[in-house]
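What follows is a structure written as structure tokens; I'll ask about it next.
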Amino acid sequence: MVRFVARRLLQGVAVVFLVATLAFILFRLAPGDPFTRMGDASSASQEFKAQARRNLGLDQPLHTQYFRYIANLARGDLGMSFSEQRPVLRAIADRVPATVVLAAAALLIDFLLGIFIGAAQGSRAGSKADDLLSVLTLTLYSVPVFWLGLMLMLVFAHNVGLLDLLPATGSKTTGVYEYLTPLGQLTDRIRHLILPAVALGLVGAAGTARYQRAAMLDVIRQDFIRTARAKGLRERSVLLGHALRNSLLPIITLFGLSFPILLSGTVLVETVFAWPGLGKFVVDAIFARDYNVVTGAVIISACMVVLGNLLADLLYRAVDPRVRGVV
Amino acid sequence: MSETLLRLSRNRRWRYGIALLTVLGALAALAPLLAPYDPTAQLGLARQLLPPSAAHPFGTDIFGRDVLSRVIYGARISFVIALSAVLLSVIIGTSVGVAAGYGGRLLDGALMRTVDAALAVPRVLLLLLVLALWERVGVASLIIILGSTSWFGVSRIVRAEVLSVRERGYMEAAKSLGVGQRRILSHHLLPNITSPIIIAATLGMGQIVLIEAGLSFLGLGIQEPTASLGRMMQAGSALLVNAPWTSIFPGAIIVLTVIGFSLVGDGFRDTLDPRTA
Amino acid sequence: MSELLRVRHLTTSFMTGAGLARAVDDVSLTLLEGETLGMVGESGCGKTVTALSLLRLVDRPGHIAHESVIEYQGKDLMQMSPAQLRQIRGAEIAMIFQEPTASLNPVLTVGAQVDEAVRAHRSVSRADARARTVELFELVGIPDPAKRVNEYPHQLSGGMQQRAMIAMALSCNPRILIADEPTTALDVTIQAQILELLVELKQRLGMAMILITHDLGIVAGVADRVAVMYGGQIVEQANTDALFRQPAHPYTSALLRAVPRLDQPATRLATIPGAVPPATAWPPACRFHPRCPQTMDHCKSEMPGLTETGPAHLTRCWLAEEQHRRDA
Amino acid sequence: MKSVPTPLLSVRHLVKQYRATGGLLSRPAPLLAVSDVSFDLAYGESLGLVGESGSGKTTLARLILRLTEATAGSVRFDGIDVLDLDARSLRALRRRIQIVFQDPFGSLNPRMSVGAAVREPIEVHNIARGAAAVEKVTQLFQEVGLDPSYVDRYPHELSGGQRQRVGIARALSVEPDLLVLDEPVSALDVSVQAQVLNLLLDLRERRGLTYLFIAHDLAVVRHIAQRIIVMYAGRFVETAPAAQAYSEPLHPYTRSLLSAVPVPDPRGQRQRIVLKGDMPDPRHTPAGCVFHPRCPHLKKDDRCRTEVPLLREAAEGRKVACHWFEEPMTVPQSQAARHVN
């Protein structure tokens, strides 16, 4: 077990290293460097740019740049953020918690709702309810997550929506939050979380439900379900104890694969709801031409994805005895 | 082949999907004929932000442009981008997948580790990384960017399929009959991996439509004044209270398009995938 | 001996892409207490669907016709509620299947799967159920049962998996065991072990057994009576000895001559032309007539009934019926 | 001294060892699939290779055809060193050795019509082209008892027996000398199995083919083979002319195997020797005789547990790998029946 985790962590480090290398290549292969690209948008003088290039080592040969970049990375140094005038890592660290909270809440909605709907559909495949839910999940699956966010806002948000129920943007009520009781603060944060998390979670849940339905159908066709019925088990035990349980195996794989998709979604949702997380930070950084932040965010996201995959692998091993003992 | 078509036409999802895509595709293809206005024409101050009416079924935007016309042209761009980018990604993905699955351990390892790394980066972030280097992107460069960052999944599917087909009896049979490598590849391997590629490609088109819209929404894709659905929604998001139609309609068209691709993809999966048939 | 199971007009059909398939068509049979009834036929003849229909385990798109009667000790399973049916399944009538690997849930220990069968029909504690499971494992000859109950199916060999399936089937001392091709997926030497085990357990526990197989050799060694299936129907039914000595249906005799044997000179085998047609395309009238060496005009126009052609010997064949009438 | 004709196929000390895929946790244990086997196959002979799953019989066939590479040993076909051929010569050799696979469905490309499947080797080996190739396909279809109008059908449109006939026609298309038949009838129903077996007998007679017939079903092998090799856990345990192997088997495994075959005659039931346990795990084969943990021989002793029995001459043309084959092996009834421990 320890060996498995160690091995997968090592592989994860290799993946992150590769991501960093790809990012390096992408940037250096592109014509010019951040400063030429800044071009006329920046009023900085030629001397300033040349000085900045020297400071950043951009005048060095490529391999020297690469090794320095990797060496810095190994020390956890992702460079400086131009726009915030502080280390990228620290700037990112400030944003990560908000994104993790949003992603976790969305993940919860995604899988709880998705598995429930998909399993219900799969066990009654072909029924009217199944057809109806299929239309619903297909539609939700096809909705751009940011548009769903806008539509939710249009219905539920303060000052915007028809129902005026929840705050539209931000992660807390500015100006008021500091004066709330701890419980009030929590409520305030949760109220802000609901819309973005639901937008992100619903789209995910639709995909999960489609997958879960197929997985359930797949399992129900298998011989051991017939065995379970033949020994006189209640239909509920057959469905929960055998069918659902086994159908969750492919869902765990989906769980591992959903992390990058989820993080993609946060970029869009955070922009819609002005959620102060990593995604919004990256988008702002692009317009501010703060390239170190973009690279840093890509690397940090890769780390999150790697950890997520490890989590999925561990879950899989916990549930499927056949893969235990196989490294 | 005709038998496959017959089975497809019996699949309800596939039929609905094809019908939906045909309508939307016709709309996109015939945009110049069908759009009531020039999508970039600003019709004057008096016609700014008009709610839906007989003259403007989808209303007008803040510059007084006809939203229906812009939606039709936007759909046209979405279609062009989705089809071309997926074509590109399928070509790259299939080549890489076949090379990895059939080209020996070393090549497989190198290619798949690279794909692992690429897949570890959330797709939108990856695109932001690439787009950060471009000032303004036109349709052509967007297609190249989207296509060249969308093949990772395809290559994995193809590789898995190649590895599985490699073990099938008929591959060994061909080998034992003295059939050469190249012929085995073209006559026995490739024809048997087309189904998953078709399925992945169709479902991929829906995803590209969504991603392209997302990028434009962030302000990084197609630039104004060209009509793009994502960009329209971005502009619309600022006017959510006053002019919701400017964001509702472009979104709805995207939803319909993606539903179409998903239905067709599901239909292909139901009929072509031996595991579910 | 009294009748344990009495099946009348059992008909099971499937809606398929190619049309309606009457996989089992008007099958009637009787199982007496303590006897072994063998059901033989080639693949696609409806043996397995018959077995599943007996416990109403046919899944959609399969459907058992309403007029079918499946009487167990006088009670019709067709009329039972799901709850009543559950009290029969596993407790009174148990089943084992062809592929032990596929028939066991891969993510549960074999012990847990047997425990579950015990607890489905008896209100016993977990510990008692487990004790019973260990006892059952010992009964079916799984070495080191206390350890094996905690293993997962993939950790057992095919033969051991089938023993675990048998243990599960026997958990509530059923009166009837339906074994559907229980040894087909196994090697010859393991097949011999399992067959021997089944025969021994049947005797020891006083069960009746329906043994479904394509292997005439297995039937000859194990069954008291044999029903031969072709095209979803029973075409011949007789005591084992009579069936092998004097097969009355041309299909039975052709099948017997087509089997390669160790106990006779290795001569050229007799063949049956063609193959079993799919269930969606049974030939009209006698279903065997396109392959039969003795087809008469009558066989192409009217389906023969299952009639008595000897003592306790039923045959579905115009020719056999005619011969019997002449002899009588 | 009699002049011994050169055999068509000569296998010497052939070994196939798989590297175990041991990771960090499991100790890599080499897996010996075929362990030092030697045999000859004469022109026109039919040799039956019998064993249960995991005995190594299919691996042996694949080694001979070089569908998998041998670890050690030699295979000579008509004087040619098969294991030493380069890719080009190997393809040429494959005209002369052909294989018919167990699963007729799996061994046919689902996207290729069966006519095209039979024509492919004809064209690849430049035996005929165009209309001549089509004509040859028609002839082959007729020869194996298939309606030539089936050429445009796809494998899934044919029955199992028909597909196996296509497989045979395809193998014959290149006019081979040796036909390796890997369980060619075990996926077929009894009535169809008999048809295909008879076809194989006819073809052998008509074309003077040499057969290496691999099967687990002893009754089937008996109808086609003149000589039998019995394999167990990667080793040959007995080789004998068919008549003797069946009437008077010498190795305890052969005896048990024969006695385990069900006889379709309720009055002709014989005393069965039911073996205990399973085939050994190929990664942990027992020391000494591989068969000793299951062996019912009364004389089984320490030698069986420690010393590997060599395949030694038991009589003219017969070899057995058992320390005790000369000793009678009557198993007491109680022991035969009691297999449940």
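Letters A, B, C and D mark the chains as written, and numbering starts fresh at 1 in each.
We take it that a contact is a pair of C-beta atoms (placed from the backbone, for glycine too) under 8 Å apart; a residue touches a chain by one contact, two chains touch by 3 or more.
Since the structure is predicted, the reported quantities are computational estimates derived from the model, not experimental observations.
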* Asked: So which chains count as neighbours of both chain B and chain C?
  -> A, D
* Quick check: more C-beta contact pairs in B-D or A-B? -> A-B
* To do: Averaged over CA atoms, how far is the centre of chain A from the centre of chain C? Could you give it in whole Å?
  => 53
* Asked: How far is the middle of chain A from the middle of chain B, if each middle is the mean of its Cα atoms, in Å?
  -> 21
* Inter-centroid spacing, chain D versus chain C (mean Cα positions, whole Å) -> 31
* Any chance you could list the residues of chain C touching two or more other chains? => none
* Structure fact -> Shared-interface residues of chain B (touching two or more other chains) are none
* Please name which positions on chain B make contact with chain A in the complex. => 113-114, 116-126, 128-133, 135, 206, 210, 213-214, 217-220, 230, 233, 236-237, 240-241, 244, 247-248, 251, 254-259, 262-263, 266, 276
* **Contact footprint of chain C on chain A as seen in their complex** => 126, 220-224, 226-235, 237, 241-242, 245-246, 249, 319-322
* To do: State the interface residues of chain A toward chain B in the complex, per the touch definition above.
  => 14-16, 18-19, 21-23, 26-27, 30, 37, 39, 138-139, 141-147, 150-151, 153-154, 159-160, 214, 259-265, 267-268, 271-272, 282-283, 286-287, 289, 291, 294-295, 297-298, 301-302, 305-306, 309
* Asked: Where on chain D does chain C make contact in their complex?
  -> 52-53, 159-162, 189-195, 197-198, 201, 216-220, 222-223, 242, 246, 256-269, 272, 274-276, 278-279, 294, 337, 339-341
* Write out the stretch or stretches of chain C touching chain A in their complex. => 52, 55, 57, 59-60, 82, 86-91, 94-95, 97, 99, 102-109, 113, 116-117, 120-121, 152, 154, 165, 168-169, 171
